[in-house]
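Please go over the structures that come below.
There are two complexes below, and they share chain A, which is joined by chain B in the first and by chain C in the second.
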Partner chain A sequence: MFLTMKVAFRNISRQKKRSFLLAGAIAFGMLAITLMNALTGGVVGNIRDNFSHALGGHVFITGREWTDAGQMIMKIRSDANLDRLLEENASQIEAFTRRSQAMPSLIFGSQQTMHMVYGVDFSEEDKLLDSLVVTHGSLDELGSKDDLIILPQPVGERLGVEVGETILIRLETLTGQQNVGEVKVAAFIEDQEELGLSAAYTSRAYLNTLLGMDSHEYQMLNMFVTDLDFVEGFARTFREGLRTLEEEEEEEAEPAVTVTVAGMPLDPMGEQEELTPWEGTRYQVMNINQIMEAVELVVGVLNQVGLVIFLILLVVTMVGITNTFRMMMIERTKEIGTMRAFGMHQKQVKRIFLWEAVLLGLLGCMAGLVLSGVFAMVVGSLSLNTDPSLQFFLNNGKITFSLPIGSVFLNTALVVFTSLLAAYWPARAAAKMSPMKALSSHT
Partner chain B sequence: MAIVELENVKKVYTLGKAEVHAVRGVTFTIEKGDFASIVGPSGSGKSTILNLIGCIDQPTEGIVSINGTCTEGLKDKALTTLRHETLGFIFQSFNLIPVLNVYENIEFPLLLGKNRPGKKETKEWIEFLVEAVGLADHMHHKSNELSGGQRQRVAIARALATKPEIVLADEPTANLDSKTGQSIIELMKKMNSDLNTTFVFSTHDRTIMEIADHVIELLDGLIVKNSRTSAEAGNIS
Partner chain C sequence: MKKIQRISAVVLFILVTGFAAHAQDFSHIEAILERIDDQSRFDGSDFSAVLTMIVEDSEKGIEKMVVRQFRRDDGERFLLLIQEPVTEKGQGYLLEGDNLWFYDPSSRQFAHTSLKETFQDSDARNADFGSNTYASSYEVEGYLEDTLGNFEVYIIDLKAVDDTVPFPYTKIWVTKDTDLVLKTEEYSLTYRLMRTGLFPKYTKVGDVVIPVQMIFVDELVEGQKTQIAVSEISVSAIPDHVFTKAYIERVNR
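Then we have the complex of A and B:
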């Protein structure tokens, strides 16, 4: 095997230009698929990060309870069970945030608009603050004053308000009373309205006051986990740990499917729950992967399309390889005859050609990967001032590339297999050649 | 002891619709240690007979025995093994592997078999051969860096690498000038004497054939003369 590999390796350097072109064709295919995979991988990562920053975590817990008046409200109170779970799983929690939320009318002068407002504790929202792209104003005063609000730029434009001016917030408290408050616009931020994530941010303490909650209460507990690979298991731990006996019995009787978007339950169980109020707080636990499913589906389709393009490129390259190997076989006819005369077996002759194909494939793959790396480094270092909606796909305005090692191996295996397939028939023909005819050849 | 035996061997090639009778029924033997020359004009069947002895072609009729093994009915694998273990080849146009250097070209046949000698033994043997053919200074040169005579010297060393019983040389001097050709034949003769390897070579150069101790002369696929300069002369068929 060593001899055939050595001869094959030397043969590649024999016609440098030809080998370069063949490996170049393979490298181009590898470059295309690697960049496609790395780009989609990077985009998924960025969307996940941006989602988690905007939503304030990777795992989201909401609490619901019934009031004495028979209303269901979203609220999380002090809960020893929840505190215990947080303590037990502290090693897996990078950070957590507690938020309240409302969909109030924002009013400035004669203009008004309804918009999602999150009440956040800015001192525990570093990731959020880092991810916001401020277009006007500043985030500096947020920690020191409660009655400040950050508005998406389009909302500010609709209201005609400027940074530093005060707007009214009109909302219903959790129990349904009308309430009004005043907040000063601290800053405008780029909007991600296209992705359904447009939100304004104010202090949780102030929003709680308007919603009629105590300052230590909140509606959502959002956690960043240290390792996203274990987010499902982590979420399950909380889901099971927070489930009441009553819930378990109900689920056994009728397994429930819960659909939630961006922390807000789109709840097919709503009607059922209205009919059967419960005591205390019931929790819903969801994780970032549930939100990312749709994105990953689209990305999966994109990757499939990329793979098909890659396969088409490979087939074209395969035709080139087959032709080239046929040419090589003809060129080396006498040499094959000589090797056969000295006792080289047919399978050894075949192996020389197949090794050449493998080595060319590997060289092409390596070149493609190196080129992809260089391309990714160059493009990844550029800051792009694109449309705000595109910023959601970027990491601080930069394109990121992320390539799972598995897809590198898969693509390399595909290339090597295709090269082998392309070289197989010429290799077989070379091996089957009669030594006598080969030696009497004039090539 | 006969190391090569041909008995009523015929070879017919098909050329389009025509049949070419390259060898019309020849019988002869070559003894171990012979320095045998097959001579004759172009088309007389020299190369065909060498191909048959070299097991790279099979006769249409008749029997070819190499070192006691009848080649009739042998499959490609067995023929390849027989070639590797028993035969060495020297070609008119040298046929060195261009991507390998002098040392590697000589080593090449040794690496093909299953029972390879040890690394040290191999190295010593190849260095001995390189020295013997006078190319010690060119050990790591590629074939395109050598003259015709030097290339044929490498080919001789390569042919002897596996210590074969028989070395076949098809017009080994045809692409060389007369002086170089003479030196190549002398080198072959020296190896024949030193290693007791049987050499069979074809030529149409009468001056070169004189060095042989066994001359088989062909004309139109038939032996016209089979003579030994030593003790006995073989049959004329």
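Then we have the complex of A and C:
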């Protein structure tokens, strides 16, 4: 085997130009698919990170309860069970935040706009504060004063307000009563309005007052986990730990049936969930992967499109390889005859050709990987200060490439397999050649 | 020491009896609220009218809206069908007891909404199109006697008894002789004035008195107000099927 490999390698080295062109074609395909996979992998990672920062965590817990008037409201009170779970899983929690939220009208003079406002405890929101890009004003006073608000720059422009001026915030309490507050604009920030994640931030205590909640209550508990790989299990722990006996009984009585079409859950139109009021708080636990499902679906489609293009490129290359190997066989007819006359077996002749194909494929793959690495390093080092919506796909303004090792092996295996397939018939024809006829050939 | 205790007891007694006497004073005001509510209800007949709404917005300018209203207070029902502008034509609000549905012909879907919500982009609320519920929804916190223009009025401070009304605090100007609400001021939970309502013209339809001109001023957004004129008033019986979802859908076919 070593001999056949050696001969194959010598043959490739003999025809440098031809080998370079063949390996180059393979390298181009490998470069394209590697970059596509690495780019989509990086984009998914960045979107996940940016989503986590914008939403304030990887795992999100919300609570619902019924009022005496039969109204369902979103609220989390002090809960010993929740505190116990937080304590028990503290080692897996990097940080957690408690937030309230509202969709109020922000009013300044004759201008008004509706916008999402999160009520946050700025003392526990280091990650959020680090991720905000302040365009005007300062975040310094946020911890000491309650009636301050951070507005996305476009919202400030829409209202025509300046930093330091006071705006009105009109909203409904949790039970639907009208309320109005006054907040001073502390700073403007860049936002991702195009992606529906634009939000203003104010003190949770103040927003709670306007929503009709106590200052220690909140609506969402967001947690950053130490290891994203275990986020599903972590979320499950909380989901199961917070489930009441009543909920378990209801689930057993009415098993959830989900109709899916092509893997996508199908929700019957117009059917509204009839809820029977319950005692206490019921929790909903979501994790970042559930939010990312839609993004990953799109990325998965992109990767599949990339793979199809890669396969088309491989087929074209395969035709080239087959033709080249046929030419090589004709060129080496006398050489094959000589080798066969000196006792080389048919299998060995075939193996020489097949090893040449494998080596060409591997060389092409390596070249493609090296080129894509160089490309990723160059492009990844550039800072892109473009559209704010584009920033959401980037990591601090830079494109990130992340290539799963599995896809490298898969793509390499595909290349080697197609090269082998392309060289198989010329190799077989070369092996079956009669030594007598080969030696008497004029080629 | 005993003297101080005695004085304290006397002061306490005066305060308690004073508060009790004051609370009793509200009974005639509560009676006024009940009369206001009663004379706004069409208990024995149906009611229909055309509402012409002029919505003034500093950003969007002036918009005209024409709405056909059908109302049956027995069973708390009403139907509001938008006829103008063309872009909103066919949209409807159907109140069936406690449930208020909004129908959008473009999606052909009914969505649940609330009497507390604003009507379209105007300053009117869905609750403004039904009968008054001052007596049941509010408790009297105090009152004053004053004049508004040429009218002698009570200015009554009201506080909502529960969360069923949009504004937790309201102040109403009620004529002493006819129990007509001429003006309202509605306040937020933080007691900030949010909306002023003016009712300069009333008409009598049978035993019911209804405002035929209403002006709602948004006190938070400068230059924003809505005027509503009520015309083509009728108390003829309205067929039952009008107060159904099927009717709104059929009207839009």
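FYI, the second predicted complex is superposed on the first by the 420 of 443 C-alpha atoms of A that agree within 3 Å, B and C clash if a C-alpha of one lies under 4 Å from a C-alpha of the other, contacts with A are read in each partner's own complex, and residues count from 1 in each chain.
Please note the rule applied: a contact is a pair of C-beta atoms (placed from the backbone, for glycine too) under 8 Å apart; a residue touches a chain by one contact, two chains touch by 3 or more.
What you see is a predicted model; the values in this text were computed from it and never measured.
Student: Superpose on chain A as described above, then tell me if chain B and chain C fit or clash.
Tutor: Aligned through their shared chain, the two binders fit side by side on chain A.
Student: Pick one for A:Leu439: touches chain B only (first), chain C only (second), both, or neither.
Tutor: First partner only.
Student: Have a look at where A:Gly164 lands relative to chain B and chain C in the superposition and call it first, second, both or neither.
Tutor: So A:Gly164 meets neither chain B nor chain C here.
Student: Identify the partner contact of A:Ala69: answer first if only chain B is touched, second if only chain C is, both if each is, neither if none is.
Tutor: Only chain C; A:Ala69 stays clear of chain B.
Student: Quick one: angle from chain B through chain A to chain C, Cα centres, nearest 10°?
Tutor: 160
Student: With the two complexes overlaid on chain A, what is the closest approach of chain B to chain C, counting only CA atoms, in Å?
Tutor: 76
Student: Residue overlap on chain A between the chain B contact set and the chain C contact set?
Tutor: none
Student: What does chain A use to touch chain B in their complex?
Tutor: 2-3, 7, 10-11, 13-14, 334-335, 337-346, 348, 434-436, 439
Student: So in the complex, which bits of chain B are touching chain A?
Tutor: 51, 54, 56-57, 76-77, 80-81, 83-85, 87-89, 91, 93, 95, 97-100, 108-109, 111-113, 158, 162
Student: In their shared complex, at which residues does chain C touch chain A?
Tutor: 58-59, 109, 112, 114, 116, 160, 162-168, 186, 188-190, 192, 194, 220-224
Student: With touch defined as at the start, can you tell me which chain A residues reach chain C in the complex?
Tutor: Of all residues in chain A, those touching chain C are 67, 69, 71, 107, 109-112, 168, 170, 172-173, 175-181, 210, 212, 270, 272.
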